[in-house]
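We just call them A, B and C in the order they show up, numbering each chain from 1.
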Amino acid sequence: MATDRLDALRGPVPPRPHDARAIAALAANPGCARRAVLDAAGIDKDSTARHLGFPAPFGQSRFAITRGDVFEAQVKANGCAGLLRLLREVLGLPIPLVAYHDAADVGAHLRHAHTRALIDRAARDSDDAGTFYDHPLLSLEIAGHTSYLEPDVVAFRLGGRFHIVEIKSFAVIDGQAEPAKVAAAARQAAVYVLALRRLVEELGHDPGRVSHEVILVCPENFANRPVATLVDVRRQLAVLRRQLARMTGVGDLVSGLPSGLTFDLAADADGVPTRPVAELAEAIGTVAARYAPECRSTCDMCLFCRDEARDEGSTDLLGRHVRDELGGVAGVDEALALAEGTRGPADGQEEIARLLRLADRLRAESLEPAR
Amino acid sequence: MTSRTSLAGTPQAEAGAVVAAVLADLPGHRGVVVDSPPGAGKSTLVVRAAGHIAETGDPLMIVAQTNEQVDDLIDRLAAEHPGLPIGRLSASAYRAPARLLAHGNVRVAAKVPDLGDPAVVVATADKWAWIGERTWPWAIVDEAYQMRSDKLLRIARNFERALFVGDPGQLDPFSVVDGDRWAGLSWDPVQSAVSVLLRHNPDLPVHRLPVSWRLPASAAPVVSEAFYPFTGFRAGTGPDDRSLRFTADGMRTSFDRALEEAAATGWALYELPERHTVRTDAEAVRAVALLATRLVQRAPVAVSERGEHPVGPDRIAVGAAHRDQVAAIRAAGVPPEITVDTANRLQGREYDVTIVLHPLSGRRDATAFHLESGRLCVLTSRHRHACVVVARAGIPELLDAHPSAEPVQLGVPVKFPDGWEANQSVLTHLAAHRVTP
Amino acid sequence: MSALTALARLRAVREGRAQPAATVRHCHIAEAPMVFIPLRMAGEAAAPLAAMIGTDPGSPRLLVVPQPRDRDLRFAFAAELAEVLLPYVEGFAKETETATRRGAEPYERCLSAPQVLVPNGQAAAFTGLLGRSTRFRRAEGPYPVHPSVPVLGRWLTFFAERAAYPGSSLLVSATDALALHWTSGQSGLEDANLAALLGWIDPPPGLTGLRAAQEAEDPLLWPPAGPATDPGFDNEVLAPAIEGYTRAPTARAVERVREAVRTQLEPTWRLVWRAAELLRGLPAGASVTRRWEYDRGAFTEFLGRVAEGGPPQARRDGAVAAASRLARMERARVSFDVQRAYDDPLIMAEYRLTGEAFAGEVIAADPEHTEGEGRSRKLRPLVTIRTVDPVRLAAGTAVGTPDRRGQEAELVATDGGEITLKITKGMGRGKTPSPGAVPAVGERVCYTSLTDDFQASASLPDPDLTPWTHGGPPEEWVPDDADAAEHWE
């Protein structure tokens, strides 16, 4: 069973829950087998990278966290009163009566059941009143494990239709926001849309009632005043479905791994990892990574993999474009040897060798001191 | 899907109905848009609409995007309406081809007054932008989805009402500079003329031509599903209406097998072993050139609703994504009468058989350029009979490994189809027509 | 990205040092540029935290906002920034020359122009945001600010907008300028780190570029070049200092914040000046002066607009303004690419690689070849060149050459590696060519199909006549209190 193998890879710790952010990041580098295996096994990549001596460069500033919290609290104040005004604007609808339910009103263990009950009632309800559902605890099945999503989202129902409301503290200035941040928000929101659709469907309702248009709420210009924008996440949904389907296929990857292989950090009673670092590094090394410089913003393991690529003299280090330009030559030394003619091209390398030889000649000619 | 009932003339009738509806809408609206999938009779519509407007006695201006398109249009227009005086505005360096000058009703000049007073004046958008002295009551804008909106801004003062015709599935216009600054604006200058027009005038009628007369029954569903998933179209001909056969014997090489597969089914995927290569992959380039050469040697004959004719090299095209690939294919030795060009330049053109170097062949990572759905759409929708795609194995894996991190701009409508999905859809179909060396 | 730059990157990896990406300098570098290193408060769009600024590497001015969430303190910062920047900018108004333009009245153009040097692209973007957040302010009305603030906003916006024009040097990002001239042994993404990029280009003695770049990633050794600060610094140093100020806004508390941000800015300050020095060390490309002339022209024009008290730049371009800006940007893009290739054999090599240019030796020449008869007889010298470059130019293609810029030629025939050209323009009216006008046998020459003869774009409608296809005429912008009151807190 693939699940057993995955559990063995992880060791005797519970799988790390995937929050929406982590699930959204599954599509960041799908070609990387290492990441696929670590994610499917629910391994804590952050601790792993730290223990390997390559902590991820993802610090967060207190100022940014505070700013995010303050903004979210402000938007949700008084039962989302401010939010309601915005929704009226952006949906262009008169929103009659508004109710507010906080799914976090009950204990943590009951929250998921409570969410289900609330959504079920909402889906049955025929009245048109707008209703907010704050902190709904949604879940998604990832590679055989149920992951509960951090409930930092609001669902809004109006006229039988649900919208996911995503509150973010990056600014929308004159109608524009940083495209990378909007994309990240859209990917996360898609996770909630999908989870809510699956829940609605499980409850026997039409999943199409959950809109693919999410409502992104951000501060406008340089103030704290929120502004809402509709974001179409159909593309992100398609990517997410694809990635989740792939996760279930991770079994093929895992079955090829040596038996007895584990990435267990062997934490002691205090949770301090005791696994010899060299041993862990070797174990991780059995699953091939596909490093790209973009990993630096999406994967906890990035610096470990970069170091590994450096040791191997891999052209991956220089970026996807360079690697592509080199037409399949994977090593720095190999490519240089082809360029300088110190090595004859292997079968199938004639062309790239010719191109590199030409490039080498052109560079040499152009860098000659003035004729 | 609508079922094709017993009435054999249904697609024709349906297309005719669209043309009639467009013509009926014209007087009542400032603008009418007609979406035309590949080979759906866009030119026929333009020629008919032009004739219709000319009959009313109102002067008409026609806008196309390239000089070749202008010449093609005039050629058809002049042939179909021999009594109609047509003016062709051009840059002073332009030399009119003989086929235009052969029409007695066509006059060429660099300035409007030098044209006399023709019923119809045709020019490129670039040329029209310099014409400021007069306003026409009517305009037809051809290939409007390939026209950038800043060009429309420069010519919109020249007309009162306009019919915009084009194919939304082909390549979008682009700029060599970063246009992010204008993203989300309804008048974003790097968007197509039609998207800007419709954002400001959402109530304009939009018609769709539902039938492709070019694509055979083997291709229309494939192209429709991959590139027009929401609107769709179908073939105007049935599976038995078109056929392709060779009058010279083959030699049972893999090239022959690929050509025979394409002749029999409309498609072939000539698949080379998986390898990451430079862009001008010599093996793939050679395969494309040899396929083209072999195709001519096999003396193909096409049978269609228009009758039977030999497929000469002028009816064959080779398409690729990049200019250096085009140059490499040329250099590899393709019969000179065969058109070899990039997707951008093959837009709007039609051949009997096409041979395509797949944009993702030999790549390790797909870029946005390679994934752009319009590129593959152009390449796989130029043919009346058959299309041979040359690619290295491994494209499905490449797509599978493609990271999804495209930036998202607020206020910019999401464009469909997604290049990833479109590529996947076409490949799935091609997998059933695989021939390996 | 081409095989040439890929090769340069590979070689940089092996040599442990960046490789040249250009043989001459393609940007203008002023004798005394205004170096500007802004820092932003994390989590905020455009809340300035501090800036180091000045034209003398030995005496930077440090501007600090001890509590970046305080709106008044932010405007005080803006006023202080204006105090440094505006006199610098206005100083260039004094000396002018009379410039002529074809088909237009002669006009006055400033002899020189300001140049702002920032560490990276994000700093350039942040400059634009600072401009956006200050240019609509007003000195009177409900939320008055110092009169210099809206003027500062106009200038910051001007600089940031000019930076979008390829080849403009009014606002230069150090990482972008360096990457235009050197190729490092790391990825393009990593090149955005100024310290790492400079580590490759100019490693300290005893260190390889790789080691230097690795050290540069340690925020304790090399704080980020901004505008974002290091989260560790925010949490451990800056936050307590700002809290101290909030509890008791004393001079000592301000000093504590100042000293904290100084540690973050000083290393970058040195790096930006080092970048300027390295760039200045390259000989200027032949077209740099011409592009700088355009910059001076744009500066002079804007100077006039500010002097007349013109309105601030719009929030977003209207339809006509957008199309017009796009045309100018595209024109600048094409010119910059072509000019760089003509100025620099290493850039031209990119086009030789793709077959759009070739270099070789003249093996035959017929300098007195003519075409036509009688009065229309014209000098059309023929030149045959032998090249080993993979030429992909068809007969009939118009070509130019960096060696004789006034000339134009036409490719007559290619025969393997031998290419015959006919010089079609720039031969003058004489019956025989002037000495040296036609390349002689044995001379090495380079020809390319790249030319800078961009078609001027047709005129655009007046904004008041914006057609119905583009939403019709826009509403006129009238400054009102709401603009000035726009929160900045």
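The rule is short, and it goes like this: contacts are C-beta pairs under 8 Å (C-beta built on N, C-alpha and C of every residue); 3 or more make two chains touch, one makes a residue touch a chain.
Model, not experiment: these values are computed from the prediction.
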- Number of hops, chain A to chain B, where each hop joins two touching chains: 1
- Contact pairs, highest-scoring chain pair: A-C
- Message: Report the inter-centroid distance (CA atoms only) between chain A and chain C in whole Å.
- Response: 35
- Item | Centre-of-Cα separation between chain C and chain B, whole angstrom | 38
- Can you tell me which residues of chain C touch two or more of the remaining chains? 3, 316
- Item | chain A residues counted as touching two or more neighbouring chains | 175, 294, 321, 325, 355
- Two or more other chains are touched by the chain B residues 185, 278
- Message: So in the complex, the part of chain A that touches chain C is made up of which residues?
- Response: 57, 59-68, 169-171, 173-175, 219, 221-225, 293-294, 296, 310, 313, 315, 317-319, 321-322, 325-326, 332-333, 335-336, 339, 355-356, 358-360, 362-363, 365-367, 371
- Of all residues in chain C, those that touch chain B in their complex: 3, 164, 166, 316-320, 322-323, 325-327, 329-330, 332-334, 354-355, 392, 455, 457-461, 465-472
- Task: Within their complex, state which residues of chain A touch chain B.
- Result: 27-31, 172, 175-177, 179-180, 182-183, 186-187, 216, 229, 231-232, 234-236, 238-239, 246, 290, 292, 294, 298, 320-321, 323-325, 327-328, 348, 350-352, 355
- Task: Would you tell me which residues of chain B are touching chain C in their complex?
- Result: 30-31, 126, 129-130, 132, 149-150, 152-154, 156-157, 175-179, 181-182, 185-190, 193, 196-197, 200-201, 278, 324, 327, 331
- Note on the structure: chain A partner, complex, touching residues on chain C are 1-11, 13-14, 20, 23, 41-47, 129, 132-133, 185-190, 210, 217, 229-232, 234-235, 238-239, 315-316, 345-346, 348-349, 352-353, 359, 389-390, 444, 486-489
